[in-house]
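In the two complexes below, subunit A is the common chain; its partner is subunit B in one and subunit C in the other.
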Partner chain A sequence: MATLTMPVQEKKKVKIEDQEALITGAEAIAIACKLANVDVVTAYPIRPYDTVMQYISQLVADGEMDCEYIAAEGEHSQFEIVKHASVCGARVFCGSSGVGWMYAMEALTVTPALRVPMVAMVGNRALDDPGAFGVEHNDALAVRDLGWLLTWVDSAQEALDTALIAYRVAEDRRMFVPLAISCDGAFLTHSQALVKIPSAEQVKKFLPRYDRGDLLLHPDNVISVAPQANEDWVTEIRRQNYAVTERASDVIREVYAEFEHIFGRKYGNPFFEEYMTKDAEVVLLGMGTLSTPARVAIRKMREEGKKVGFVRLRWFRPFAGPEIAKCLERFKAIGVIDRDFSFGSPNLSGVVATELRSAMYTGSATRPPVLGFIGGLGGREITVPDLEKVADSVFDAAKGIAQPLTQWIGLRG
Partner chain B sequence: MGQLFAVEIIYRGVFQKTLAKNITRDIVLAAHNEGKLGISFGRYGDAPERNGIPAKSFAIVANDEQTLQEGMAQYEPKQVDLTVVLDDTLCKGAESWAWYGLQPVHHALKPGHALIVVSLQDAPALLKTIHRREQPYKLGILKGVTSFSGMWVYKDDHTDVRVLGAIAKALPEIVSLQAIEQFITEKLKSPLKVTSAKTAYDRFMTIDVEAGAGNPEELFKFELPKWEDMRDGVSIKGQPQGGPYKDPVTGQVGGFRPARNELFKKYSSRTQRPVVNFATCTKCTLCWLNCPDASFDVTAENTYDVNLEACCGCGVCEEVCPVQDCITMVNESQFKDNRSQYEAFQKDKDAYLKWLEKTIESAVPIEKRTHGFRYRGQYQEQVPEALEVARKG
Partner chain C sequence: MSTTFIDEKPTQNLEAFKGVKKVPHEEYYTSGHRTCQACESAQIMKLMAKAAGPRTIVLGSTGCMYVANTSYYATPWGIPWMHTQLGSSGSGALGVAAALRVQMRKGFMKDEPINVIAFCGDGGGADMGLGAISATMTHPDYNLLILMYDNESYANTDIQISGTSPYGVNTSFSTPGKVKRIMHHRWKKNVAPLMLVGHPTCKYVGTISTSYPLQAMNNIRKALSIGGPTFIHCLNPCPKGWDFDPVLSFELGELAVNTGIWPLYEVENGKIKLYGKTEQIANGRFKRLPVRDYLLKQGRFAHFVEDDIEYFQSKIDEMWNKWLVPGVIPLQKELDADVPPAN
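On to the complex of A and B.
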């Protein structure tokens, strides 16, 4: 065949086209792991995360992916194993869902201070009880204060791209912190969509090898990791992780620019995505696959002459506080839809609404009302009519008609 | 502000934990009999205690609530009115579990105040180990056998009440003898203990220690780094590998000397040390293999010399040594420095072996040692002896 005799130099010049495939968000992340040439994968089944481990094991079984695939005896071990592998220089992948993620909590808490660039997929799932499979964001959000980077994606394409971005961000020497990609259970983990899969050559160009440098645990670099320390060390160690969060936004911005340059797909502002906000009076804001019904609802309301837009928060940690506050201060009111809860929080709102209010208090000149809406829990659908009701309340707030600071949507009662 | 008093008890981790806690609690409860308020607490950083590690317990007493708050508004008292050392081998300095370097036992003592040491030694002997300080202070010795017990078993040998008696004498402002007697009668319900406290009170006296008197040893210390200068990832650079051992006398090179952390020495945890007979050593390697702290240097002739800055005195080497009297654990109070035994042996073998013979005479057999609780009935056997020593004063 002609291609076999083609000189190497010439072959390099050939423009490599993306391949298109109909795959789920979980499968997209599995393919990203293959492309990223991940060294160690640990697995323990829990729905909906387990689909990703099934896909990876399939890739390994088919000889398409070469990695250590370790089925652990529980999530705690699952995350401990990758933690240790990462300290020894391996690129790692793991993940979990709901209470599985919580069972790994001890391992999750120690990884940021140990500067472990672990990439995990959280198939968002309601925390027990009641036992439920559906999406809720409280699982991934449980690590929000600990130094993890947290991002929510809304499509299989974005899942694949973000997984590649995740390795580049987490393994940047300025970072070296764990990163979790949240995928809404069912809506994303189990829904197949058309995805452009980049070539291994492109990915190789984008993703340098993981170099742990002087933090590598190796007989040739004798170090001791994770000793016990007294009160005269801990504050300084926390300050080191704080410094990472100070740098995080810049690193993420750089990596997205590089991604766009190599793969050609544009994500614009990495931290949040705006939909029909240009002339909007009010906006709704949320994370994850809520964006689909939100876009539909926005278009419907626009047809009715309501000037409403939608903002999808892509990165929760780092939280682009000043930037999002600056963006949102031009609207008359904001409605935050939380697929989570934060019982007993100020105003009894969800996590995102509470964080956003904090960002707006210091970062915006106008401080428009921020209404909180809790809904879609346990995998319940957030419908277009639900979102229309949300928007009505936000418009009322914009007009100065007092609204409750927290409302439940899609609730029987 | 009313009057505020702080008492610091320096003790051996595990072996004296209950004793130290009892003393600080008793101070507060006895002072409360006189209408004072107080708190008692251990130094939290020392809490996961190890055998013998220097640890601290505190009592703070005040005349009123607000003054007490002044005393409580800090993690631990920076200055104390009285320091009590419950084991005289601690006089060599206390390196607590955290990395503070070596602290002299009078580190927090206010100038002119009293340092009380439970000991059978006299003041001149103790001052060979207690470090110099710039300000004068008072030294009082409470004659008695060091009271050691186990983690969960308390040896009730009256050391607690005897210390209380001495405190009432040294610092009557914090608590009077009457208040202590009342406390013992009401709470401990022991007339014999009242007598012990009273006897200790009557006999206790202090001498003045002038500025600059004492052990001239330079205390090892180090600077805590700034956060930007610390390695990240909660990681510590390992020690480089060791190298060959050079005989200090003959210059012969061989064996192995492991590299050791210059900033973290463990000897202040030691209450007894191994004394090695290099002449009878069969070079079996067991002491070296079993030492949990890599404390042994392998000499050029393949005997094993204990590095006395690294040794915490656990006694494993003695237990595994198959040769009679080749390794013997001897109470730390017998020694004034950490110099190499092998060097002394190489310089003058006869003199060393004579010294060794004399030194190990004072060694207490393993089954009679008071470190920890070894068998049922142990304390019933030991307590009368300790009381007798205390009675004689």
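On to the complex of A and C.
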């Protein structure tokens, strides 16, 4: 498992001309913001996301990045400031973690409805109480029904690349919706890895200037933004936002293809990544840095002759329902590992398991059993032995041995 | 002098209108709204837009002036306007000012001074948005104005208590009952002095009243011209919320000043100046009218008994007789016991 590295006080000067650097996930996103020539950045402290703001502050102080850098007095203002800046045509960045993200909830709610292409980093963190610093996914998932695009990355390289992709997707005129990049707290935000940093020229080619067009709030374009409407128009307004989610998959696919064309790095299917699934009988599925122990566990089990694979869900919104259902219907059983919970949900499972069951019910011909596993809460590691136990249960389900629909991993009595 | 790293941008430098006849005819807040008859809050919107002129962006936080003003497909705004959340007038103005500034610096937008005004009601300003406004007041290099229109209640949602509701008032959260005559026993929040004392680099804080429209417009123009973040608190009589005949709107605005309840002043670069009748009260040229004249014209105080009126009067007397800066700053050399009347 990755080790926790605190942000270094003396930050290395990172030259960004086609260079490789040893940086954390948070630093990778800071560099992406610089490359994207972000205009307005708002910061507020909460671990673990906030190291990205420390890095950006340093980039501004060193004259490497030109933006308005505003330390807000709370997350609500933090998100409101950039929301307004974006309506005035500025490219914006902010972020949060855990209850900080929840403190901004009103601003998060109105941002998609206002068609604001804000890009935010969520350093996933457990919700209070009991105030754990470690990763859980319930913070970012809280906006899943509001129109945000949600993606989970599992490496610093993917964090940097996805931040660039994020601006291109969110600022596409067909979209104009906010996008959150989730990075598992500590495991990704604070862990260093070698990252290829593209040149500013390449990024310029990939990322055109954000153009707010006829929605720009400016004296040259006299419009009233977000007037009050009631039952006479709300259905139609909601349906317009819904249309964005219908288009999202195509736009995302297009942007990944363009990314590969310009930068040469391939992500394959943008929505989910398969690992050793070709001849697998069963698969495990999860989001974020779970992929690190999962790959190790899969390799170990493969050596023992167990035909198991792993699927990492990269985009949660849009949820590639039909596509993932088609992909998964060939397996005999699926084990979903949720680093979150959805209290009171059908089968009392995690969020991903519940969504996936819904997708499989309508989208797959075979409807294999989907077992839910809840684990890794509050930053606890999901270990290789944990995953072996999970796989055993999934294999049993594949053999027709009844298994509980939801199990808690490594729960102490 | 060493560099401060504060990067001030020029403003439009709006001169004062020299008399009513010099006020331009153009309206930037016109038909299309559906505020109540004699709504003084709508009146300050009109004056504010006229004072600021066409090169202005207005943000309106949730409240009467959002819900009653901007129905879908029927906006009264002739300048760009955007709804901002109830507690976000401070952060909204900051975001707009930041976006304009950086895009002008990077050459993405024509470089010119654009007025940024965020208005809020007393609920949005004195209650929910106070923290965000306070933070915004500390940013020396963004030119913007926060205008708080104060109708002393959440007047759009059914007239509920806000932080600026006067003592004893009958609202839908403080209706008098069989046991408690006075449900709201808090004193009105003194918002403008909160801004001026708490934010030493803020160059302009003031109070205005729609009963003095020319003065109000000129003070708004001054606040927009002086640079940096500025704050204006406007008292707006509300026929619906205060329960009076709409014909009295203007008169009640005057009475609030003449009774000493609503002092008019501006603080420019730290120097305080009382103006209008308030100045005359302060220097003894005008004797304050009894608060009774103001209170009894409004249904919201109809449950007051003599004790309540006396208590209200005593608190206003205290403002003028005991405060170190009479009517403005509630510091006293010696504190007297504050005894509200028993129920």
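Methods note: the second predicted complex is superposed on the first by the 396 of 413 C-alpha atoms of A that agree within 3 Å, B and C clash if a C-alpha of one lies under 4 Å from a C-alpha of the other, contacts with A are read in each partner's own complex, and residues count from 1 in each chain.
FYI, contacts are C-beta pairs under 8 Å (C-beta built on N, C-alpha and C of every residue); 3 or more make two chains touch, one makes a residue touch a chain.
Computed from a predicted structure; not experimentally measured.
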{"item": "Partners on subunit A (subunit B, subunit C) - clash or fit", "value": "clash"}
{"item": "Partner chain in contact with A:Arg412 - subunit B first, subunit C second, else both or neither", "value": "neither"}
{"item": "Winner by number of subunit A residues touched, once subunit B and subunit C are compared", "value": "C"}
{"item": "First, second, both or neither for A:Lys83, with subunit B first and subunit C second", "value": "second"}
{"item": "Which superposed partner A:Ile70 touches (first subunit B, second subunit C, both, neither)", "value": "second"}
{"item": "Which of subunit B and subunit C A:Ala107 touches, first, second, both or neither", "value": "second"}
{"item": "Which superposed partner A:Val225 touches (first subunit B, second subunit C, both, neither)", "value": "both"}
{"item": "First, second, both or neither for A:Asp39, with subunit B first and subunit C second", "value": "second"}
{"item": "Partner chain(s) touched by A:Lys278 [first = subunit B, second = subunit C, both, neither]", "value": "neither"}
{"item": "Which of subunit B and subunit C A:Lys266 touches, first, second, both or neither", "value": "neither"}
{"item": "Superposed model, subunit C segment overlapping subunit B, candidates 243-251, 261-269, 279-287 or 333-341", "value": "243-251"}
{"item": "Contact residues of subunit A, present in both the subunit B and the subunit C interface", "value": "87, 222-229, 232-233"}
{"item": "Subunit A-touching residues of subunit C, taken from the complex the two chains share", "value": "54-57, 59, 66-67, 70-75, 77-85, 87-88, 90-96, 98-103, 105-106, 108-109, 114, 131-132, 134-135, 139"}
{"item": "Interface residues, subunit A side, partner subunit C - complex", "value": "37, 39-40, 66-68, 70, 72-74, 76-78, 80-90, 106-107, 110, 209, 217-219, 221-229, 232-233"}
{"item": "Contacting residues of subunit B [partner subunit A, same complex]", "value": "45, 48, 75, 97-100, 224-227, 230-240"}
{"item": "Interface residues, subunit A side, partner subunit B - complex", "value": "87, 113-116, 176, 214-215, 222-233, 235-237, 239-240"}
